[in-house]
Amino acid sequence: METEEKSIRALKCEQSVLSRADGSVMFSQGNTVVMASVYGPLEAKIQKELSDRMYIELNYKPKIGMPGVAERGKEKLIKTTCNHIILTNLHPRTAVCITVQEMQDGGTLLAASINAVCLALLDSGLPLQCLVAAVTCLVDKKDRIVLDPCINTVKEGYKAMCTFAFDSQKYNMILSHCEGQVPYQLFQKAMELCQKASHVIFDFYRQAVLRKFSKELL
Amino acid sequence: MATDHKTLQPLEFYKTFLDRKTRPDGRSLLEFRRMTLNAGSIGTADGSAIVKCGNTAIICGIKAELVAPERDEPQKGLIIPNVTLPSLCSSHIKSGPPGETAQAATQFIAELVNNNIIMDLETLCIKNSKWSWVLYCDLLCINLDGSLLDACVMALVAALKNLSLPVVSYDEEMDKLISNIEDKMGFHGIKQPVTSTFSLFENGILISDPTFEEEQLAAGVISITMEGTSVTHLYKPGGCTLNEKQVKKLMQQSELKTKEVVKLIEEACSPMGVEPID
Amino acid sequence: MPVDSRRLQGPENSFSYKLLEKKNDNEEEAALSADLQKILIGTNKVRKDKRIPSDARPLCNVTITGIVSQAKGSAYIEQGNTKLVCGVYGPREVQKKSDFSLNGQLFCEFKFAPFSCQKRRGHQQDNEELVLSGLLREALEAAVCLHQFPKAQVEVNVMVIENDGSPLAAALTCASLALASASIPMYDLVIGTSVRQLPKLLLLDPTKDEEWEPELNHDEDNSNLTIGFMPSTHQIAAYVHEGVSKTEDLEQMLKLATEYCLKVQPVVQLCLKEVVEKTLSNESENKVDE
């Protein structure tokens, strides 16, 4: 077994991997690897310009092929999350371009993408209201909750798969995306479990930032 | 005076209503709009339904076709949902290929379908690994005024219930399909998920069944899909945060709506039901 | 064909269950070409839907306001089983700078819903829809006072929900009602109607089965005529003729069509009058409130 049931998989990241981007990160969560880059604030296209805040453009690139409807769904989820965490009203009439590139699918791509975007935003130095950490859990056919499942567990089939994202201030829910049928009690349990697990990710962010700045000081 | 205030400071204008626990259209905060449903009014479709939730109007038409099932899932049929927002439905939609809203809505419906929340896809199989039905479900928005997903799910379920197809069977000796036009059939076991959309405002105020305007002003939306008392899909794409207490409150509200919608669908789709006269 | 990545695509090789009944169809087709007239109308000169040849289907469920609340004006009509919605937006800024013109412009989009015809339609506008959009635009341009909104454009979107013959004719009537409800200045309403010519017989307002089909009816005296007629000014804004017919027959077809349009005019006007009265009474109520 790659994962224990109550913990999330090993997190690794390398910040500033791209030299031209304002912020970039290569992020891995177990076997799932995602790269994210942030460019901005840039000049917005006239049609996209918003008079009171920054426009966020988000592109999700699958490993192979062209982005389709499923990717567009993910884009919307990540984009609206960014809309909440970035202090968009500090940069009116500008745009920021965030690109997420899927590198390896080891399950929980959505959660990994959100975490990667958060790290990339941190790396870019854009003013943020708070951080966000996303955790996926799965309810298997025997009603057991599996935290941060790997791709094999996902392929075995499940009753429900839930991804939650929490903010770093009060650990309230920013995003939730659950598919599959679960009774409410189980759903609540899953949410609590993910909420606890999100602390691990926030600690990881702190470590990552510490590491980055200690390197820069040397 | 009021209209000036509304155009200049739409959010402030709206908040004066919220402070008094009411909304510009006269609803209380957690009140839903009136829903109407009419099934089977389109003759060229194999199954159809027209849903109106307040001003939002969705037409769902289903065209059924036959296909050899995919290799990796030989016992499953297919449902291909597509949400179309033509430039007809709102001044904010440009003509051309579907935009982000339409695609996100399509993806939402596809997730419900692929998780067997609407119906078990195996019932669409005619003969294992030989033939199965493919249902092209087109959800056409005629009038976009908020809570798109609620109306889409309702229309899709009603149209599937209304579906009437010829009985097609597979003749093994001849290796071909035989259809009987006289005999009509529908599919059993169509579940009744109901989606309820809520808008959230920064100060923790929740409103149900938002209009287009309210969706634009709000700090976040959440769409809860329930079947009976269990959650089948929870969709909260970012926006301002929610705590557990609020989630619980919304669950209760959507349970109430679920009951109402199920009743409405049953009335409209029951074979004994009398079609409403306009 | 490029893949449309913005929609969910079905399997490529699926086919309609109607093809399984193809054998019967072929027989019917053979019979159809042999004696079309007998199939379409019985010996007692009554059509399949119990109309006499010179009868049109009644216009019903005409709803003018509120069908598309987001639009400036909208209309919904049913002519028999042909059902369509039209929404009008504008006048607003012309988006493409290259389309600049001192006169006002009309932008028309004509679309069949995927489930509106016997055969499943694609999501993208096909050639037929493009042609119909063009015809609609040309007809309405004659009726709308374009000089009243220079440098701006009005968008007319027509969506056919169910097609049971004469969609263009119904679209003309529907679009002019929607334009009127959007308070776009017009010289006159455009009322559409179509006539199907068979040897020695004219059918007004044909259904889908009665319509002229290029593959089946290529012999003489077989045609379809759709006109857009402006009843008050007695002028023709659209004239679409398909098939082969003699000039003297054309005159007759035109006469039948215009007579019908003149008959419909008061009905359509009444619908509009009701809308105006309603909005006026609403406005006066609002004034009292203030």
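Each chain gets a letter, A, B and C, in the order it is written, and its residues are counted from 1.
The rule is simple: contacts are C-beta pairs under 8 Å (C-beta built on N, C-alpha and C of every residue); 3 or more make two chains touch, one makes a residue touch a chain.
The structure presented is a predicted model; accordingly, all values stated were derived computationally and were not measured.
Trainee: Let me spell it out: compute each chain's centre from its C-alpha atoms, then which one is farthest from subunit A's centre?
Mentor: Max centre-to-centre separation from subunit A belongs to C.
Trainee: A-C versus B-C: which has more C-beta pairs touching?
Mentor: B-C
Trainee: Need the central chain here, defined by C-alpha centroid distance to the all-chain C-alpha centroid.
Mentor: Central chain: B.
Trainee: How many angstrom lie between the centres of subunit B and subunit C, each centre taken as the mean Cα position?
Mentor: Result: the chain centres lie 29 Å from each other.
Trainee: Taking the mean of the CA coordinates per chain, how far is subunit A from subunit C in Å?
Mentor: From the centre of subunit A to the centre of subunit C is 50 Å.
Trainee: What parts of subunit B, by residue number, touch at least two of the other chains?
Mentor: In subunit B, residues 103, 106, 110 touch at least two other chains, as defined above.
Trainee: Which parts of subunit A, given as residue numbers and ranges, touch two or more other chains?
Mentor: Residue numbers touching two or more other chains: 69, 72.
Trainee: When you check subunit C against every other chain, which residues touch at least two of them?
Mentor: Expected reply: 6-8.
Trainee: If we count contacts the way the header does, which residues on subunit C are in touch with subunit B in the complex?
Mentor: Where subunit C meets subunit B, its residues are 4, 6-11, 13-17, 20-21, 61, 66-71, 81, 83, 85-87, 89, 95, 109, 111, 113-118, 120, 123-124, 155, 157-159, 161-164.
Trainee: For a test of understanding, state which residues of subunit B touch subunit A in their complex under the given definition.
Mentor: It comes out as residues 100, 103-104, 106-108, 110-112, 115, 117, 219-220, 222, 227, 229-244, 247, 251.
Trainee: What residues on subunit B touch subunit C, complex-wise?
Mentor: Going through subunit B, the ones touching subunit C are 42-45, 48, 55, 57, 59, 61-68, 70, 78, 80-82, 84, 86-91, 94-95, 97-98, 103, 106, 110, 134, 136, 138, 140, 142-145, 165-166, 168, 177-179, 181, 212, 278.
Trainee: Mind listing the subunit C positions that touch subunit A in their complex?
Mentor: 3, 5-8
Trainee: List the residues on subunit A that touch subunit B in their complex, please.
Mentor: It comes out as residues 69-70, 72-73, 75-84, 162, 165-167, 170, 172-184, 187-188, 191-192.
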